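Here is the structure we will look at.
Per-chain numbering from 1; labels A, B and C assigned in written order.
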Amino acid sequence: MNLYKIKPWLLILPALLFLILPAYGLWAAFSESIKDGSDVTLTYYHQLFTSERFLSSLWFSLYTSLTATLASMIIGIFITRSFAHFLTDSLPRLSVWLPMLFPHLVFAYVIILIFSETGWLAQMLTMIGVLESPGEFPILTRDNYGIGIILAYIAKEVPFVILMLFPVYNAIPPAYYDVVKTLGGSRMEQFKTVEWPQISTVVMEIFFILFAFTLTAYEVPAILGTNFPEMVSVLSYDWFYSGSWEDRPLAFAAMVTISLLITLMAFIGYMYVNRKRMRALRGRL
Amino acid sequence: MKYKILFYIIAGLLFVSPVFVLLLQSITTPWRFQTAQEMNVQLKSFAVLWSDPNLWTATIGSIVIGAFVLLFNFLIGITAGKALALYSFKGRTLMEALLLAPLLIPVLAVAMGLHLLMIRIGLADTWIGVTLVHLVPTVPYSIKIFHHAYSQLGKPMIEQAQILGASERKQFLTVELPLLKNAIRSVTFLTIVISLSQYAITAIIGGGSVVTLPMVFFPFLDTANPSIMAAFSVWFAAPPLLMYILIEGLLSLLPYSQTPWRNRA
Amino acid sequence: MSKAIEVNNISKAFGSNVILDQLNFQLNPGDKLSIVGPSGSGKTTLLRILAGLDHPSSGTIKLGEKDVTHLDARTRKVGLVFQQPLLFPHMTVEENIDYGARLTGTFSREKTSDLLTAINLTETRTQFPSELSGGQQQRVALARALATEPEILLLDEPFSSLDPGMRQELRYWVRDLLDERGITSIFVTHDREEAMLMGDTIGVFYNGGFQQLASAETILQSPANPFVVQFFDNHLLIDQDHYVPLNKISFSSQATGARVMKAVLLQTSVANGERVAHVYVEELDKRLSLRLPFPHDGGSLDIFIPANHIYSFDSSRGAGRYE
């Protein structure tokens, strides 16, 4: 009897031990960011929020990751809902899995290979006469607008969105669609009344995973970004490794700020989804 | 039919072409419209790549670290996934959220925070330290995948095994593991690729003395030509494929494995 | 001779919700008990406790001479067939059947082929469960349970996921198999007809215990209480103490003093070669289905209840009322 109650906790124990890693890491980063010798200080946060470099980096990061995330999700949802029924076949599935085989940094390089000023696209367009010379090709990598970064993330994250969403889509009973169709619902109506309620939680989850990742990952912007504006992850990494130790607390403060920001957004999103679910439940009573 | 063609066009452009470009570039000379019109096929870029001793150190480093990261992912993912899917206990939903949360906090922040601790306990600059920090971006996915797999397997199936007299170990080997195969494959793939993606956190915890593929890739970016870089990029697929084959081999040893030579009516 | 199973004062509560209340019963080897009751009355919990998947709050269970109350499901010699076949999808039919037998050390090649013959599925030996129909899968599940040579076989609505034709066929077939092999069994169902087909003794389960534990004949002749009357629909409950057999109620006046009630004809249908009237008796606020000897096109009717066939629960021990 008692053993039965303890059993799930025994099973979850390794995962709890694992949680110590991120929890301690975050805590240590936080305490480093407010430590001045043995005193507590907010100096570094003050420095951070008066730093032109950080603020422009923050806006640039938010804009880039939000664009990349939303674009990946819209494309991913579109592909999944249009082709869900034959994503079960092995060849289409395999084609979706293919990009998952390579790390993000490889995809960053693929973007350079294709979209740089001497890349495949520029040369191909020159060859077919669209451009006079490859030099006319717009700057799409290491550019000031984060286009290269966004492209790399889209190429890598669309398959991720599809693989996360596909099982959910496949579990929607086909009869639901028929009901909406017989009631004369449009395609948009179908999406709103049949699909969205089923996928909204997962969509929210994917959004935050992708947003948090693209906002703070180092590898892709390190390859595809410029010196100004730069992504907050690259800036923090520079601060962390700059010759002078004085910048380290700034790296911690920047990372803690970003963590708080994401947590806050996730919390609001969670409350929003839950509030709607609560309403739906009440409606049923 | 029209749908099918449309899908393959989209998939071709979005999913296949990047990989195709890499493969093609890796076996041709750098393409310069101004100098030479046609592509020259060559295999030199792989030869150059493989002749670099750093590459082999890094490949082995990546595989060893990946294998241990994978092992821990199996251990944590299977146990936690089972608990979340098959048992109802107080605080289960909270637990579920907490175990997904590491995906939402910047792994860079975690690595920076853990750095001092790792120095203190002597794990900085060691592959054990790197393995531990690679768990942070991988374990939440594994838990999610195994949670889903156990939910599909269902408690009644497991009770059926108990009724028939299977011990806990026997039940795990003959019923749970064989039915978790797909989840095991997905986890293998995802975990290895994610572990292989980590430059920043490997650099922070490994301090440059733990060499993995990304640690070599970054400096190559400034020096190597596109063909060699493309070959290097293709090479990144080697560890996940190798690990996948290894895991597939191990899975085929499980009892009741559906192997080609098992007769079917 | 010892009993096959002895259940003494079993109780089970989830929080303040009492599922089983001081339950007692025992079966001799070869006995077949059906447990019938409304959905959600706790029948499945009872089976799970007997199988060792759940544990009682108090009371004891003996299998043969052995007290198994504290034994785990893995070590009890009990077979359980669930609503769903729950065959292991990665094993062939034969491997499924052998699975438990090998674990309990009772495996023999002859037994497997004997069971395959018995369930009439020898030719599917090497097929996988997904290649079989629902009824075939359930038969394999039964063979798998029998292969462990359990001291008692528990069946939890094993036919409920099948279509009606298949269900009917499998009922007769399983009953024959259990009789042939002299297997002690407990069959749980919410279907009254199925309960009578599958068991010699019927336990009417409600409110944490047996309202009546008797043969189908006894339940028909002398139902124990108002619940049993209402559950089986063999009688009309007049008040909390009195009931009348449905087949004694008629639409035409009889010589002996009879109680007359007003009824409204709701609908007529045909069953078992007879015209059946579905009427509403306002006085009792009850709907009834009665044999209708003559055609009638709706409206009001009188029903006649013979006074000498109104029985009360305490004085109902007399036999032979249903000759």
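Going forward, contacts are C-beta pairs under 8 Å (C-beta built on N, C-alpha and C of every residue); 3 or more make two chains touch, one makes a residue touch a chain.
Computed from a predicted model, the values in this text were never measured in an experiment.
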item	value
Number of steps on the shortest touching-chain route linking chain A and chain C	2
Chains linked by the largest number of contacting C-beta pairs	A-B
Cα-centroid distance, chain A relative to chain C, in whole angstrom	56
Length of the line joining the C-alpha centres of chain A and chain B, rounded to whole Å	18
Chain B-chain C separation of Cα centroids, rounded to whole Å	53
Residues of chain B defined as touching chain A within the complex	3-4, 6-8, 10-12, 14-16, 18-19, 21-22, 25, 31-34, 72, 75-76, 79-80, 82-84, 87, 89, 92, 95, 98-114, 116-117, 132-133, 135-136, 139, 143, 148, 189-190, 193-194, 196-200, 204, 214, 217-218, 221, 226, 229-230, 233, 236-237, 240-241
Touch list for chain C against partner chain B, complex	51-53, 72-75, 78-80, 82, 84, 86, 88-92, 95, 99-100, 103-104, 123-128, 131, 144-145, 148
Of chain A, residues touching chain B in the complex	5, 7-9, 11-15, 18-19, 21-22, 24-30, 32, 75, 79, 82-83, 86, 92, 95-107, 109-110, 113-114, 118, 120, 123, 126-127, 134, 155, 158-159, 167, 205, 208-209, 212-213, 215-219, 222-223, 233, 236-237, 240, 251-252, 255-256, 258-259, 262-263, 266
Chain C-touching residues of chain B, taken from the complex the two chains share	156-157, 159-167, 170, 174-175, 178-179, 256-258, 263-265
